[in-house]
Structures are given as C-alpha cells and as structure tokens.
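First chain written, first letter: the chains are A, B, C and D, and each begins at residue 1.
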Amino acid sequence: QLPLSIMAGPCQMESRDHALEMAAALKEISDNLNIGIVYKSSFDKANRTSLSSARGIGLDKALPIFAEIKEKFGLPIVTDIHDAGQCVAVAEVVDILQIPAFLCRQTDLLIAAAETGAVINVKKGQFLAPWDMRNVVSKITDSGNANVMVTERGTSFGYNTLVTDMRGLPTMAQTGAPVIFDATHSVQQPGGQGATSGGQREFVSVLARAAVAVGVAGVFLETHQDPDNAPCDGPNMIPIQELEALLKQLQQFDAIAKA
Amino acid sequence: QLPLSIMAGPCQMESRDHALEMAAALKEISDNLNIGIVYKSSFDKANRTSLSSARGIGLDKALPIFAEIKEKFGLPIVTDIHDAGQCVAVAEVVDILQIPAFLCRQTDLLIAAAETGAVINVKKGQFLAPWDMRNVVSKITDSGNANVMVTERGTSFGYNTLVTDMRGLPTMAQTGAPVIFDATHSVQQPGGQGATSGGQREFVSVLARAAVAVGVAGVFLETHQDPDNAPCDGPNMIPIQELEALLKQLQQFDAIAKA
Amino acid sequence: QLPLSIMAGPCQMESRDHALEMAAALKEISDNLNIGIVYKSSFDKANRTSLSSARGIGLDKALPIFAEIKEKFGLPIVTDIHDAGQCVAVAEVVDILQIPAFLCRQTDLLIAAAETGAVINVKKGQFLAPWDMRNVVSKITDSGNANVMVTERGTSFGYNTLVTDMRGLPTMAQTGAPVIFDATHSVQQPGGQGATSGGQREFVSVLARAAVAVGVAGVFLETHQDPDNAPCDGPNMIPIQELEALLKQLQQFDAIAKA
Amino acid sequence: QLPLSIMAGPCQMESRDHALEMAAALKEISDNLNIGIVYKSSFDKANRTSLSSARGIGLDKALPIFAEIKEKFGLPIVTDIHDAGQCVAVAEVVDILQIPAFLCRQTDLLIAAAETGAVINVKKGQFLAPWDMRNVVSKITDSGNANVMVTERGTSFGYNTLVTDMRGLPTMAQTGAPVIFDATHSVQQPGGQGATSGGQREFVSVLARAAVAVGVAGVFLETHQDPDNAPCDGPNMIPIQELEALLKQLQQFDAIAKA
C-alpha cells in the first residue's frame, strides 16, 4: 500500500498568476511533508446552481497554464471534463481526467475519457451506492483503460444535505480501483433556497481524518488563500495557510491505518 | 387549470414498426378517453447501468420515425437529449425536449435546449430538493424560453431506492412551470448489485393516483405491449393493455382534484 | 371495503370544556357527512422535545371526560398510552389504544395493550420500513388480539424531516390490518435547533388526498379551533373550521379509490 | 482530554458463568492495554424484532451477577433500562444507566434515571439529528444530574439501513457531554423481511477507527466468544479474541487525535 497522496488546488482556475501562486504554495507543502500532491483546478464550472455564477477561465486559456505548472513545479494535474469532445485536448496536457459526480453514468463521456489513455478519476454520484461503482469502473476498464480511480464525495441524505458513509470506502476498494476521499464536496450543502451551494468548512478535517483512518489512497481537498472571497466552493474550501498542518496529521493517521 | 394530460410510450425506440404500433394504440386510448397524449420514446439510453445494455436506435434513425408518428397520428412527441449538440436537430421534429434527471444542472445543455424555442421538460435530479428546481427553471427562462415544464421522478432515499415526496408537487408548481409526475421512474430501483436497474411495476398506479389527487398537469408513464421482454425499464413499465383503465381512473381523480 | 373513516381531535386534552366543545363540533361534521369519526386526544405528551413543554391533563382527569364524550356524543375514543401499567385502566373507557411511533417495538407495552382486548392502533416508527410492521402486528395477534390497525406517520428522511412513501400504504395492508394515514404527524418537522417540533400545515390536505387516492381505511387528523395557540402540534393541526370541506373532498377520492 | 475508554461486553447476560468468563477476558485486555473498560450487558431485550426472540435473564437474576463482576474484577458496569420503575434498583448496583435509542425522548424515563444520581448514557435515536441531543441532555441536567454521556449509534438512511455521520460526533460534543461511538449498533441492519435484525461485523473496525480519528471519549463495542451463536446481535458483535488488537490500534489513533 502506497502512502497517502493528495489532490489539491483552488476550485476553479481564476488567472495564470493565481494558479501559479497556488501551485508554488502546494509544491512547497509537498516538499516539506514528502507527500505527493496532484494540482487540481477546474477550467469550467458546468453545473453551477444558477446561470449568474462564475464559470471559469475556459479550456483554451487553462491548458497552457496547466502545462506551465507541470513544467515549473513538476506537479501532476487533474481537472474535470464535462463533454466527450473535450477529452482528447485535455488529455494532451492533464494527467488525470476527472468525471464529475452528476456525469458518472454518462457512457459516452466515460468511454471518450477512457480512450485517451489518461488516468481517469470518477466521482461517485450522490445518487449511487458504493457498490454501484463496480459498473462505472467496468465501463472504463472494458474500454481498454485500467487506470481508473474512484472518489467518494457524499451521498444524498434528505434534502440539501450529503452524508459520508465511511463503509463506502472499503466497499469501493473492492472494485480494485484506488479510492480517493473528497473532503471538500462531502461537506457541501447542495442547493437550498439560494442561488449557490453552501458548505461546512469546519467538517473538512473531521471527515478527512475519519477517511484516512479507515484507509484511502488519497484525499481530495480544495484550498484557496482566501476562501471566503473565492468564486466558487468558498464555504467548503480550506485556507491554504492551514493545509500543511492538516496534511501532516493525516499522514500520521495514514501510517497507522496502513501499518 | 387544464385537465390531466399524459406522456406515454415505450422506454426506447426499438424499430419503426414497433413505434408505429405503440403510437397507434396510444392514439386510440387518447380518442377513447378524450385525453391528451404526448408520444414518448428515447433514441439513445445514454446512462445505462452497464456498457452491455442496449442503447437504442440512434438519433438519425429515430427522427424520421418521430416525424411519421406526428403526421400519421397527430400525437405531439417528447424525447430526451443528452448533449447540447443534439438540440437543434431534435427540435426540428420533436415538440418537447426532455432533460434527463442526472443532467438537470448541466448549464450548456439547458441553454442549448432553451434556445431552440421548443418546450423543455426538465426532470428533477434524484439529488435535488423540490425547491431547487427554481434555479433550474430560471436557467431556461433567463435564456429566453418560457415554455418549461418540470417532472418529479423520485428522490434518493438510502441506497438503491427512490422515494416520492408528494409535497414536492405543489412546491415545484411554485416555479410557475406545469408539473408532471413520472410514475415509471419513480418506482425504479436504481443500481444495486446487478448490471441493470430494477423496478416495482405494482406501484406505478399507486403513485400515479396519489400524484393526480394532489394535482398535477400531467402524468408520464412508460408502457409496452410486453414489458418483461422490453430492452429497458421492463420492471417498471406497465402493459399497454392496462393503460386505458388506469388513465380513466386518473381522469376521475383529476376531476375532483381540480374541481 | 368500508368507506373512509376518520380519527380526529385536538393533540392534547386541555380541559373538560374544551374537549366537549371539540367533540360536539366533530359530532356535527360526522352527522353532516355521514362519516365515522373517532375522537382522538392525548392525556399525556410523554416524549416532548423539551422538559418545559406542556404534557397534558393526566390519565385520572382524562378518563371521565373521555367517558362523558362517548356517552354524550356516541363518538368512539382513541388515545395513546406510554406504559404497560396504563393499559387496563385506559381500556375500560377508551375504544382504541394507540401505541406511539417511538414505542412501536416495546414488547411489554404491545403485549399489555393486546391483552386488554381493546382495538390496538400502532403507529409505524419513523425508523421502520413498511414491511417491518409485519413483526409488530404479530406481537399483538400472537398475544391473542386480532383487532389491530397500523398507522403511517412518516419516515426519517435526512435530518429533521419526514417523508411519506405512499407505497408503504399497500405494503402495510399486506399485514391484514386496516391502514390509517396520519396526515398531521407526517408533516411534522421533528426536532431541529429549537425546543419544539415544527410542522407544515399546508401539506396536511396534500398528503391526505394522496393517501386516500391510494386507498386507506382511515385518516388521522389533529384539529383545533385555534391551532396557532394550541399547547402542542400547533404548526401541523388544521383549523376545525376547515375540516368539513377537507373531509368531503376526501370522501370523493375514497369513493373512486374503492370503486 | 482523557484517553479513549471502552464499553464492552456481550449483548445480553446469558448466565452467571458466561458473564464472569467474559468479564475476566475484558479485565485482562484492560490490564494489558492500560485502557479503561466498562462492562456492558443487557438483562432484558425489550424491543426485539419478534416475540419469539430471546429476551434475557431478567433484572432480578442480573443484578447480583453485575455486583459480583464489579467486586471480582473492579470493572464498572453499564446496562440499559426500559422503564422508569427499574431505575432505582438498577442504580444501586450499576454505575451507568443507559437509555435505549428508541426511548431517548421518553421524559419520565429520563427523569427517573437522572434522579438516581448515576451516570446516564443516552443513545441518540435513529430518528434524531445530532443537534437534537441538546434537548435530551437538558432533560437530564435540568433534573439535577450533570453526569450525562451521549452515544452515536447510526441514523436512519432509507429502509433497513443506518448510516453514521461522523460530523455528528463533534456536533454532539457541543452539548458538553462526553461522546461515545457505538460501533456495534451502527453497523446493524434493522428489521428487514425477517424476524431479527442483521448486521455487518466487517464494518465495526472501519467505523470505530473513523470515530476515534475524529475524536471521541469512548467506543462501545459488543463482543462475544462465539458471536454467530449468540442469542442477539450476533451478526454485529466481534469475537473477543480479536478485541485486543482492535483496541490497541484505536489507542494509536486516539493518541494522534488528541495530541
């Protein structure tokens, strides 16, 4: 079992300067803790609650910046795709193509992603049971790509609430795919009466600790230097200033869990 | 308040002959009961549980058949779309573009559908609260299309189970959009250990009666001459031989609900 | 199948005068609509959210008033019991002993109630599936009492929310026991941040109509001349002034459902 | 923050010999690991799924055996009570009176237990949100007893399933009461089609590790030398032969969580 690794970065790519600044900070944490970090950012937020929410910088502007981060800092890159037509272009730069939770059963998208040969990270839909991911993983492996990971990001629990069932982590591991725990979206409070989703930042570390003690390959964590003013996921991103201390504690739990 | 109308048809378009046969049977029921029926069928099942499940006849073959049904029987047509690129072509033939539940927050798809000017029927995601449909409806109306309907098709309730909250029907009506109750997918048992979704046909009429007594604009019902051998949704389609009796009873409930 | 009957009355017995006044109003509605009404009121609210909530008039004071209502108006009586020791005394006056939802699996209480020979109405726990009521009913029938009814009053759905699964009504009917739908507590919003439970009075008629269209033996409805100032369940009782119109509509749905 | 302590023992008291044997084994583990263990066993299973399930040895026979365990092994004792009338007698021998989850809102029971002055451990109802325990705790402290603990044992999640929301642990800690995680009943599969509840023993250690990493005062774990042949909770008790290794790992997680 490999030690814990991390997917982290700001919810969406805001600008080249911001992306490079965040990547530099993450690279430093990676070196300090000797922990693998994959840089995560979205070029397009394709399913915002409301039309008026910021959608991001777009594919064409984002790809060169991702390439620059890879080259300058040596961090692998993960980003999410929303359309079969995006897969080939994104896979030329990005290491891990991420399938959004709402889209985890869209066959054409899964096949197009798989056929690039990139690593595929599929987020489990909020409407799926952990054992349902077996069929999702098969859609990718049966398309000739064995490099698939699965991510837990919470399950629908009543209205406007997600719950994380920690039993789902070992259940998903039975697919053979490495299991990632997304501590950012698991504390999201989707929808509600307003025009954006809420979140509970105070529970990010609570759930991350629990998941690592259960045993996972990695943790996904969105982070920002000023979450309260970020264009998306502000309520559930953690300040990058607090990230190193959290990851250090997670490494300690991971060492016991994998002893 | 208009009297109850119906969206009905086989889950997927199997062949021209089958489609015409089903449409003829539905037209006869429509005439017998003096009830509006929109013909429903899918040209592609884009999110089947497993890769090996039948996906359907495809867009190019389906559109001329839809056109033939419209012309021959005078039934309006509804079908579901999965990709922004399909909207224009489908809207040239089909009267109502349906947004699948998993895709109800995909902004690009909603806008592309809206911009065709066709009527849009959005299924509420299994992961959404009824009041969350307000933002979904706004994405369409803010794109300049006021002809939007919303459909209840069950909400995630634990694993592999959906529940219908009848309070959601009047709540969704507050968006101003006509509310449809999908009695077929509300009794679906999504996922589970196998490679297809299950269903509970015996509860289709139970939930349809309840929804009509609460008050809805229409009921969505998949039907087939031999559901147990249909290529999809067999466990939750009702035999077309039983449809007329059910619709007749629903009309009686509807008359009281709207008195 | 017998026509729909009703259990109705104020949440708790407030005083002899109030009880007689409510009973008189219910008797009049019963006569006007030719509908069976069982008078319901609690002598003790044994599981209030907070210690400081009003608990009611008590057993000793309530029993003579129940007796007076029976004699004066000819209405049968239902009340809830919380302790095996109460059963014998209550059954001497009251026609139907009701087992509260939280207590529906307390074996000693079920046996003690059963052994009185009174009719037993068991509310389904918010934590039970409809099919779980089979074992609950058996505890009573195996104690020698075949006169048992079961009542749906909502199922836990996330936090502080109940949902009514209308499929549960026919499922519970498979026990052989008459099925009652409690339209008052099904719209309760249990707990929450405050010291009393909330409710959604506007949905009482919505869910009652749905349940009657599905088909039930009876509807349970708490009512009060001034719900907003009632000592309990105010947010989900309906004004008695509106009761007759609602019951009349329910009778119309019932006639179709049982045709 | 005190180090982790444990409540453990067989689901129900089977006989004097069995109880002493289990207590001896637990005392040895307590000494080996220098971990506090409270001996847990039930004298009566008052809410079994079915009438025919074994209910246990009874109060009168159990109390002298509890007294013998305390004297011989120095282990404090916890047992559950179901009736206000049992509290005084039980509190003369037992250190911690446990309120079953279904009964956590029964005011008379909570007050009677509180008034004994014993420590009270209230299990959170499967139908309650974590923050709802504030009112439950107040019922005890307002009765003059500040020695109250609260226990998480899973929340209703669809039918016949419980889920543990790890966010509930810090939320319940805000009541000021020590928080216990019940790893045995959290993996219960309540009800279902049969006459006993099922369970998932393989997830006991998964959830216990998660809860300890989040941070709890104690873990509650039922254990037996031969769970598959135990008279109750067999599917979710862990073999006592495996207990020491599990507790040792939990101590390691606890040390990091409380560092």
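Operating definition for what follows: a contact is a pair of C-beta atoms (placed from the backbone, for glycine too) under 8 Å apart; a residue touches a chain by one contact, two chains touch by 3 or more.
Since we're looking at a predicted model, the values are computed, not measured.
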If every chain is reduced to the average of its C-alpha atoms, which one ends up farthest from chain A? C
I'd like to know which pair from A-B, B-C or A-D copies the C-D interface, where a copy means over half of the contact pairs are the same by residue number. A-B
Mean-CA-position distance for chain B and chain A (Å): 33
Note: chain C sits from chain B at a C-alpha centroid distance in Å of 37
Go ahead and note the Å separation of the Cα centroids belonging to chain A and chain C. 48
Touching two or more other chains, which residues of chain A qualify? 155, 157, 159
Once bound in the complex, which stretches of chain C touch chain B? 155, 157, 163-167, 169-170, 187, 200, 203, 206-207, 209-214, 249, 252-253, 256-257
Give the list of chain B residues in touch with chain D in this complex. 157-159, 161
Chain A-facing residues of chain B, complex: 46-51, 55, 82-84, 102-103, 105-108, 125-129, 131-132, 135, 138-139, 142-143, 155-156, 159-160, 190-193, 195
